[in-house]
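Got some structures for you, see below.
In the two assemblies presented below, chain A is common to both, partnered first by chain B and then by chain C.
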Partner chain A sequence: MVIKLNKNEEILYQALLDADAISIAKNFRSVGLPTRRNESYHYSDLKMLLDNIGQIATTATSTGEFAFNIANSFQLQIVNGEVQILGDKPPSGVVISTSNGGMSEPNKDIIAQLNSALTKETLHIDVSENLETIIQVDRCFEGKAALHNDGVEIYIANNSSATIVEVFDGSSEEHLSNSASKLILGKNAKATHIMVDISSKKTRHLQTVQYEIEQGANLHSLIIHAGSSLARTQLFANFNGENAHADFAGLMLVDADRHSDITIDVAHKVPNTTSTENFKSVVRNQAKAIFQGKILVAKDAQKTDAAMMHQGLMLSDDAQILVKPELEIYADDVICGHGATCGELDENNLFYLMSRGIEREQAKAMLVRAFLAEIFDPITNEDLYDILAGIADDWLKE
Partner chain B sequence: MLEIRDLHVSVEDKEILKGVNLVIPKGEIHAIMGRNGSGKSTLSYVMAGKSGYEITKGEIILDGVNILDMEPNERASAGLFLAFQYPIEIPGVATMTFLKAAMNAQRKARGEEELSTPDFMREVKQAAKMLEIDNKMLKRALNVGFSGGEKKRAEILQMALLKPKMCVFDETDSGLDIDALRIVSQGVNALRDANRSMLVITHYQRLLNYIIPDVVHVFSNGKIVKSGDKSLALELEEKGYAQYDESAA
Partner chain C sequence: MPAVKETIDQVKEIDLEKYKYGFETDIKSDKAPKGLSEDIVRFISAKKDEPEWMLEWRLDAYKRWLTMDEPDWAKLDYPKIDFNDIYFYSAPKSTPGPKSLDEVDPDLLETYKKLGIPLSEQAVLAGVEGAKIAVDAVFDSVSVVTTFREELAKSGIIFCSISEAIKEHPDLIKKYLGSVVPVTDNYYSTLNCAVFTDGSFVYIPKGVRCPMELSTYFRINEKNTGQFERTLIIAEEDTYVSYLEGCTAPMRDENQLHAAVVELVALENAEIKYSTVQNWYPGNKEGVGGIYNFVTKRGDCRGDNSKISWTQVETGSAITWKYPSCILRGDGSRGEFYSIAISNGYQQIDSGTKMIHLGKNTSSKVIAKGIAAGFSDNTYRGLISAHKKAKNARNFTQCDSLLIGDKCGAHTIPYIEAKNSSVIFEHEATTSKISDEQMFYCQQRGLNEEEAVALIVNGFVRDVLQHLPMEFMVETQKLINISLEGSVG
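Now for the complex of A and B:
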């Protein structure tokens, strides 16, 4: 079957043909970009939302500057899809390499498929120690508006641990970036994985995140959307080994007429695994924030404990927050729950702060910071905490 | 000096303050006593600038300036302080961060330099000691998990740090045990000075044994119906408010 492709889809289709990705091209020819009829894209109809898709980005040189500067970090850059290994030697216990083409075994989702087919080079980070050094990977979308594809595969070996920070940034053009990250946690491995989109306000940011969590592993994942006219992160997590735990957190800071979507799909496939989901969004103007969370508990996955929460804060009446939780539970001895709240800043709280002399804007900022405390408090690295909390503060001041 | 002139205030079309007139000269302490629901807290909120009240008539003048058009923070910087009847719990806002923000905001409004951290710490420690406030309490989020009495003490701590010239206490004594009442009163009395006026709203004559007022006002049905010296409080305690209901009717 083929459908009528619009001009943006034609560009993607042609790019797939040029990349010799025949079977994906064929698939794309029959489905096109996801529309609202696709459940996961119900509130983010990409066929409608994505316009002005550019040609595949050409090589750009690294600016040599990094978005974040965290003490004791090892920094890498991917500029317009190309991995740049700058001067520094990786810390002990870390192997950096690249492979041609996209990510291995991408998710079946069409955006993930497009990413895998169009990515020229994948960055591999293999960790085999308990790392003190933070690994930072900056994606830079430089030069004129273009289509960017890239991928990072991280492997944390058994009994090893690391903090990985991925930042998305770049020139103020109407880029479309389609990124992928895969993090595999070996047995008893531990990871903190932070992804921050601070792209220019014209950029469209799509990201697919995949987690494979083995026995006894522990993951803290945090997604922050604070840039881009359109940001959509889809996260797929598989618990493959028992006694593993993951905390999934996220924050959407959305203003103007921007659109932000975090869609997460957590599969507890084996017994005795636990997860929490703690997502927040703060919206103002005509912005839109979307959170969709799905928890799947397989038939054998007894004693799963999974809790999902989204809390929204509306700073203006015209903004929107849309939340869709979904539980799909096949085991009987589990604890699963979801909750959602949505509200405005409490006038009584605001008045109390102001009655002590604090100006309205500062009082608001204090209350928003308080609302976000649960997101930032688990970040123990002080530099990182300051940077991330600073992003929220700056966003508020805009 | 504070002057309230013929203040009329409605909430949702219901008139709650029905012509309040009150003058508190510099350095004086006045007390207001009155039945539940007579409008005492409404008066204190309107003074502090809380939204949701429609001021249909009247003025509130602090040192020659009508404060009714000011934002709550501007009133605070002009020297007004309200100790809340029900202090608000704000999870996620650290008490110390809040205290520093408030002190610095007022300093900024007055064109003064920000406090250095050591100076700030010193001032807080001193005030906390006077009010017998445990350091542990200061490490928590603002008012969160504080007992009723602790919240009231924390209000007085804020007042001691902000050094307002017009203090309004809305039932600061309710919920305090006997020791706490003594400590809080000492705290208030320590701040008594010739340049500072105070308005004490209370239900109990007992407080006025500790904080001795210059004038006592009886509040009934949205206005002051009688004023007198401190003996008026004793008389009220004995005879109740019924006589004033009739005069208001």
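Now for the complex of A and C:
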């Protein structure tokens, strides 16, 4: 079956044909960009939202400048889809390499498929030690408005650990970036994986994150949306080994008429795994924040314990928060919960602070910071904590 | 606790009969030819002796239906329904329309007696002394009797079958039918608009508090028939009405279709309480047979400070697709939804509610309890939405699922949409199984395994049970036990 493609879809379809990705092109020809009829895009109809899709980005040289500098970090850059390895030698226990083409075994989702077909080069980071150094990967979208595709595959070997920070940034143009990250955690491996979108307010940012979590592994994942006119991160996590634990967290800071969407799909496939999902959004002006979460507990995944929460804070009357926290459970000996709240700042709290001589605006900022504390508190690296909390502070001051 | 002893006796009793409403009444009936076409729509309308405008309304709906696709978003898996293999109209020959009690075929009366439905106006429900309950009995496609009509008419209340209402109160029908669930609303409701055969109509005039419970009892009897009922309740300003609905069907190997539409209209300060005990035949142990239940129920809180409350106990049907909803249009209006959905065997339930906040200071509360046992799938799907003008909208939702056994599934899919900043929405949901600690605690105090499960389950659904009218409480507790029977361990 083929559908009528619109102008933007034609560009993507042509790009797929040019990249010789015949089967994906065929698939795309029959489904096009996701619409709200696709449940996971229920509130982010990309067919409607994506416009002005440019041509595939051309090569740009590294700017050599990083979005931020964390003490004791190893920095890498992907500029317009091309991996730039700068001067420094990687720390011991880390192997950096690249491969041609996109991510291996991409998710079936059409945006992930587009990414894998159109990505020219994938960055590989293999960690086989308990790494003190933070690895930072900046993905920059430089030059004129264009379509960007890139991929990072991270492998943390058995009994190893690392902190990875991915930053999305670039020139102030109407870019469309379709990025992918895959993180595989070996047995008893530990990782902190932070993704921060501070792209220009014209950029459209799409990211697909895939986690494979093996036995005894421990993951802390954090997504922050603080840029882009349209930001959508979709996260797929698979628990493949027992006694693993993961904390998924996210923060959407959305203003003006921007649109931010975090959609997660966590699959507890084996017994004795636990996870928490803790997401927050703060919206003002005419902004829209969307959280869709799904926890799947497979048939034999007994003793799963999962708790999902989304809390939304609305700072102005025209903002919108749309939430769908979903549970799909096929095992009986599990504890699964989800919660969702939405509301504005409590007048009583504001009054309390103001009665102590704090200006209304400042009192508001204090309450918002308190609301966000849960997201930043688990970050133990002070430098990183300051940088991330600083992003929120800057956003509040705007 | 004496209640537990009773429960266990009920379990034992039920054990022998399983689905005890599964008998068939041998009665001659008058049927339309199989299948669906414009002629069938005309046939039904003619049988009902309907005015021309009603026929036009049906035909428009039919034309519209032909252009629609069957929805597939629900978490339900069933073979495609062949609409040409269904009788869309079937009525007992002897009683082709509602009559007074002494004119009704004795076989039918016997059927309702067996089902425990008091059709005689003197009869009272066991254990509920002095409580009167008016019943509209719908058998396959027609309403066979409506009791207590005179007494209700004294207070100006109209309680009759919808077919009669179309003829006798066309102004009310024209004004309200399809005003809550539009003709084009969804696949099954549009189908219902074209072929609905009977149902109940209730009109409560201004300032009247309905003196008794109103009730409709739906029975599917004939083979290969679909039941398409239509209920319309209008509560004028400053009124109160409590309405109960029950449903059963014989045990058959085939799947029968039931696609109903229920519309409620509550004007200023009116309150409608709508309770359902849905106990259609759920199919046998292997999942053969059972009713496909595709129902559109919606209440419109049109007036300020009006209130609509849905309480449902869903234990029957092979497939349940049902989302009783409230449109909270009037300022200060209130919607409530209390639900117990129990699935066992190969039953599939996809049910929940929609609370649409449009007016200022509206509030809603959702309590949904799902219990899945056997090989069943039980999904809660709900929408809570507050539009721009719905200042200070308030919602509290709690949906809990309980799993009994490791072959079943429980799912929760809530949609929460806040479109202005003054809303306060709280949603919580949990899924768990009966814990070993709970079982141990009960068993250690001398209850056996079955008793312990019954006690814990009854505790789990208590929040909902207490919102059911007294008359339904007893039956519901029995139903909970039927549905869960055999699922221990």
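The rule is simple: the second predicted complex is superposed on the first by the 398 of 398 C-alpha atoms of A that agree within 3 Å, B and C clash if a C-alpha of one lies under 4 Å from a C-alpha of the other, contacts with A are read in each partner's own complex, and residues count from 1 in each chain.
Please note the rule applied: a contact is a pair of C-beta atoms (placed from the backbone, for glycine too) under 8 Å apart; a residue touches a chain by one contact, two chains touch by 3 or more.
Predicted, not measured: the structure shown is a model, and the values here were computed from it.
Student: What does the overlay on chain A give for chain B and chain C, a clash or a fit?
Tutor: Because the two structures are overlaid on the shared chain, the partners are seen to fit without clashing.
Student: After superposition on the shared chain, which partner residues are touched by A:Arg356: those of chain B (first), chain C (second), both, or neither?
Tutor: first
Student: Which partner chains sit in contact with A:Met366 here, chain B, chain C, both or neither? Use first/second/both/neither.
Tutor: Touch partner of A:Met366: chain B, not chain C.
Student: A:Glu328 contacts which: chain B (first), chain C (second), both, neither?
Tutor: second
Student: Would you check which partner chain A:Glu39 touches, where first means chain B only, second means chain C only, and both and neither mean what they say?
Tutor: Only chain C; A:Glu39 stays clear of chain B.
Student: In the combined three-chain arrangement, what's the angle at chain A toward chain B and chain C (CA centres, steps of 10°)?
Tutor: 80
Student: Is A:Asn348 contacted by the first partner chain B, the second partner chain C, both or neither?
Tutor: So A:Asn348 only meets chain B here.
Student: Per the overlay, which chain contacts more chain A residues, chain B or chain C?
Tutor: Tallying touched residues of chain A, the top partner is C.
Student: On the combined arrangement from the superposition, state the nearest Cα-Cα distance between chain B and chain C in Å.
Tutor: Least C-alpha distance after superposition: 15 Å.
Student: Tell me, which parts of chain A touch chain C in their complex?
Tutor: 39, 42, 299-300, 302, 312, 314-344
Student: Help me check something: in the complex, which residues belonging to chain C touch chain A?
Tutor: The touching residues are 73, 388, 401, 403-433.
Student: Taking the touch rule as given, give the residues of chain A at its contact with chain B in the complex, in rising order.
Tutor: Going by the criterion above, the answer is residues 347-349, 351-360, 362-363, 366-367, 369-374.
Student: Provide the residue numbers of chain B that touch chain A in the complex, in ascending order.
Tutor: Touching chain A: residues 48-52, 71-73, 75-77, 81-82, 84, 87-88, 90-93, 97-98, 101-103, 105-106, 109, 141, 158, 162 of chain B.
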